[in-house]
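Shared between the two complexes below is chain A, which pairs with chain B and chain C, respectively.
Presenting the complex of A and B:
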């Protein structure tokens, strides 16, 4: 047996946040994961998570004023959360066929030994909303889950989303906070996509420069379902976004598109695992990362193809621009394949801006700074090219421009 | 895409139950009792007539080892090894004092070499048929071919001792030292003390520490400044005795501007119980030096059900210490029940280069977890990784590699490609690359697709009326050939015999 570990300040604070259950016991025994835990190899949570904020929760009276300070990304039906609490009074009216219930408190159990986000959610009794989309419902406006951290508080949320058969719906999961706020969000979402449904799930993380975001999206994909997951990380101090997708139905189609903008003194980790359990499923994953200052970007992508999952087509690409000599990027694109008739591929590149590209633009009279900015912008904007909602696309590009202005 | 019949047949050919090196040799052996303790280590050290410092070094390693835990991160599964159930030293009796000439070599042993398929020219010399340098009927190509007249120096290691080293005198004329490491410890202590454990520290990992404590023999190569080693150097490892562990230690030093090519081959008899092979190989390349290290690893893989076979837990690492030095690893892995092996390069010198070419074939119940590490420390360092994995039967084949670019390693370049092919639906192929960049001028490329290589080539072939499948086979075959061509000729033949597989339809 291992000797009992000495709990860090953050671990002790986490234990104080929750009731003393099984999950607390696990934390007490193992602590938060260090780099020795393979899934956290590049994000040593135990050392990076210095403290847990315990600031008071915001008075709900300020919600309207608070929300109005963040520009809408598109015409969405807004479901607001402040400091982890669902503010039903401030929510837009939900369209027909959509059932939203607050006070959703799923019985969370960590998915595996290394599931620290699930563990934190379980310890802190994460609550959120449950959303059910009825079969065949087609929404013309996305549902926006706007999660604002307004004070230095710890916000533990867990949402349960069920999309019925043949439904067409978009979601925008947005994480917001102002600079200087030392809040922390632990956001878990379980998404179940019904047969033949078409879903867009966008995660837009635009926290302030002192905020910590630990996010986890767990997806269950039924037969003939189509899911696009879109990720834009352009904020936060310590960020880990996990995406775990199980393709459990034949002919399902998954696309993950991500842009991670990692600024000075920030750590952004995107970890995905795609599990193909049945034959004939597709997955395509594309990430573009830009890292400046002393930022550290991490990408861990795992594709697992189980033995019955013949004819799987899974592709993964991760391209990174390192713009500073202090910047750091670590990648682990993993393939685990147990079926023989599959096409799986991954590619990863890390480089600076191509001198020839720069030369081409400079030869046309564009100054070096502008040329670099244009090339970086082109490198990341491209990811969102196929987005149908033009307003949303414009807003995302706007966020990227803002970030580049601030960090470029 | 699934493998074509031709490939399936070819893999069957090298099926585990047809392991042709599975014989054991009936040689009178001097084997120490089972078990590991400080006394065992004192005894090994005594048998090798080692100086006091060496014994001290070993004991320190042993004490350290006792505090370490077996690593579990690799994707391999095996029952816990009982380190007390292993013989740590076994030597053919006749050679206890070391062979004085080839005539003293036990004919039984020479028959062993014959069965091992040691290249004919080497065998001739080993068997004493022909003296080194004499013309041979096998010399069909003249010119400056280094292979002419069997000019490959061989160090043959049987269980725990080196039984014979050929061409020593001729090599000495060029200033090259090529001898068993046990002899080097006695004759060249200053070199051994300076370089031993300089690349793989004693405390590096569980098996390397164990090796440091109990290593029995291995090869020592020293190539002085400016010397191009006049012939290929080669070692054959053979585990013969039952329940014996082989712990060899190889140390190769290439001084400024020198060049050496080193070949390694290994086999073991077919036995029901597992045998442990925990080796440490260290390479040091000084300024402008080049070391080429090639391995054809063909330890007994166990039978189809996974019974028996060698546990091959090896630490291999090269240090490109000088500027513009180069270390190249080429390996063809077909044997062993479990392979745990990551030949690595530390690219310390500015402009140094590391290469890793690997073909790993697993079948039956074999488990392979192999790959490389390229650590870019110097400026303008380059590395290239080409890895091909083929899994069949119920085997698991994992590529695990790391490319790390340090803060100060400006303009580092890496290209990595690892493809794998699955034959049958009971096996697994896995890729676990670690890519770590801390310098913005680094250019790292990692890919595991066939499309990127072949798109243009494929188009070219299709345009000329070659059907797609054939075209892919042609292209990938050509590609594997490139890897095999990295092997010195003497080994390339052997490797081709072992593989003979087309790698079409590669899976990332």
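Presenting the complex of A and C:
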């Protein structure tokens, strides 16, 4: 038994938020992870998380007005959350074949010693919704989980989503807050994709400039299932988004497309782990990152191929534009392969804007500032090129444009 | 229209001199051709005129309608009406050609104080110009020059030239990498733009292009200077005897 550590202000506050269970004991013993913990090497949570906000001062009468102040990204069936609470009264009517239950309190246990987000969820008694999509249901509108942080509160959510066999459905998990709000979200989602189902899961994180977002998406992918995970980070002060996918059924197909826009004095970390347990599964992940000012971006991509998982095809690419001398990006690919007949590749590039591109555009009369903006936009917009929902695609491109206007 | 006076240029980061006192005048309505062996400074001249920062002018001047352009930015020169058709047009993934064309046309109009084109106006102009060059609208939806064949890239350059309506066009080895059919399309595109108030500087290795774009004057560039000037017959002479005679005479 180690000697007890001296808890930080944030760790003490977290313990006060929850009941004194096993998870609290772990935090008390180990504290939040520091850079000495491999999975948190570039995001020293213990030092970065200075304090925990005290609680919601939400007046429930404001909820409607609050929600209406955020423009919808597309024609989604909206399930709203304010300060971590599901607001069933303000939810759109759910279509046939979709069951939404408001009081979901899964029994969370951290997945591993370094699973700080799971640990925080467990300590703080995370609650959320459970959504079940019946077998074969095909939805023409996405389901939108709009999570607004409206006051300086700590919002601990946990959702459980089950998509039935052969169902086709899109989800938009959206995180919102206004500038100046020092809220924090710890958002955990467990997603189970049934056999032959086709799912798009989009995470659109557009918090204000003072918010902290710790997100974790845990996916279980069945045979013949197709899943696209789309991530747009265009806000927040301290952000860590984890995606953990287990490919547990043969012929499953996973695509992860991400854009991380990291502004001055912000820290955005995307950490993914893909575990291939069975033969014949595909995974492809592509990230484009733009870092300005003294922003720090992080990508950690882990691919693990278990011994039986022959014929795995896993590809990972991470391309970054650094737009200032202080901008920083840390990329860490990790491959752990126990099968001998697999294709796994990873590549990371960090560049500035290409001078030849810039010269060509300026030689056609486009001013330097506009030419740079067009090139940056091209670099990230490309990621969303193949999205079928044109309205949603347009909204994402709009969010990118807004960000570039504010940070370019 | 263009007066290049005693131009000395070196590569900015080294002491390598490329142009050594180049003098050249091209009048409005004139098509001037510059020919010269590899390494004589042909492409450098085109880049310096466009304003590429890799080169440093150590002496001399370039006047465009009587005014020096050396202090002007790359995009200001373009907006003033100077156009460079690139030898190797740059591939820019993610920027649809249509968006690029619109940005370029409107940026130039804005700089000149003209109203920006509306989308229907713009599309009408592009359709017309593209049709003349055998460019499909599908091609224009693709990323700029990305995956275009050599011929498509050069045609796209001519398309840009005709849409931007420059006053003076520098064409850097526009014939390189073109088969004879593509060469004709490109040459026709240039010939259609010839007008009494527009000048051209055609940079080429070979007489071949000049059979289709017949120049008014031909200049031989060697070792960073013009060593001989003449009419279109000079190009034929070079084709027949090579550069050796001209170089020997100049020495």
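Miscellaneous remarks
Note that in this section the second predicted complex is superposed on the first by the 405 of 408 C-alpha atoms of A that agree within 3 Å, B and C clash if a C-alpha of one lies under 4 Å from a C-alpha of the other, contacts with A are read in each partner's own complex, and residues count from 1 in each chain.
Here is the rule we go by: a residue touches a chain if its C-beta (ideal position, glycine included) is under 8 Å from a C-beta of that chain, and two chains touch if they have at least 3 such contacts.
All values derive from a computational prediction rather than experimental measurement.
Of the two partner chains, neither chain B nor chain C is touched by A:187. In the superposition on chain A, A:361 makes contact with chain C only, not with chain B. In the superposed model, A:382 makes contact with chain C only, not with chain B.
Partner contacting the larger number of chain A residues, of chain B and chain C: B.
Residue contacts after overlaying the shared chain place A:374 against chain C, while chain B stays out of touching range. Touch criterion not met for A:49: it reaches neither chain B nor chain C. Of the two partner chains, neither chain B nor chain C is touched by A:221. In the superposed model, A:27 makes contact with neither chain B nor chain C. When both complexes are overlaid on chain A, the residue A:349 reaches chain B alone and has no touch with chain C.
Of the two partner chains placed by the overlay, neither chain B nor chain C lies in contact with A:404.
If you check the complex, the residues on chain A that touch chain C are 356-357, 359-368, 370-371, 374-375, 377-379, 381-382. Those residues of chain C that touch chain A in the complex are listed here as 50-53, 73-75, 78-79, 84, 86, 89-90, 92-95, 99-100, 103-104, 107-108, 111, 143, 160, 164.
Of all the residues in chain A, the ones that touch chain B in their complex are 38, 41, 307, 310, 320, 322-352.
Taken together, the chain B residues at the contact with chain A in this complex read 1-3, 73, 407, 420, 422-452, 507-508.
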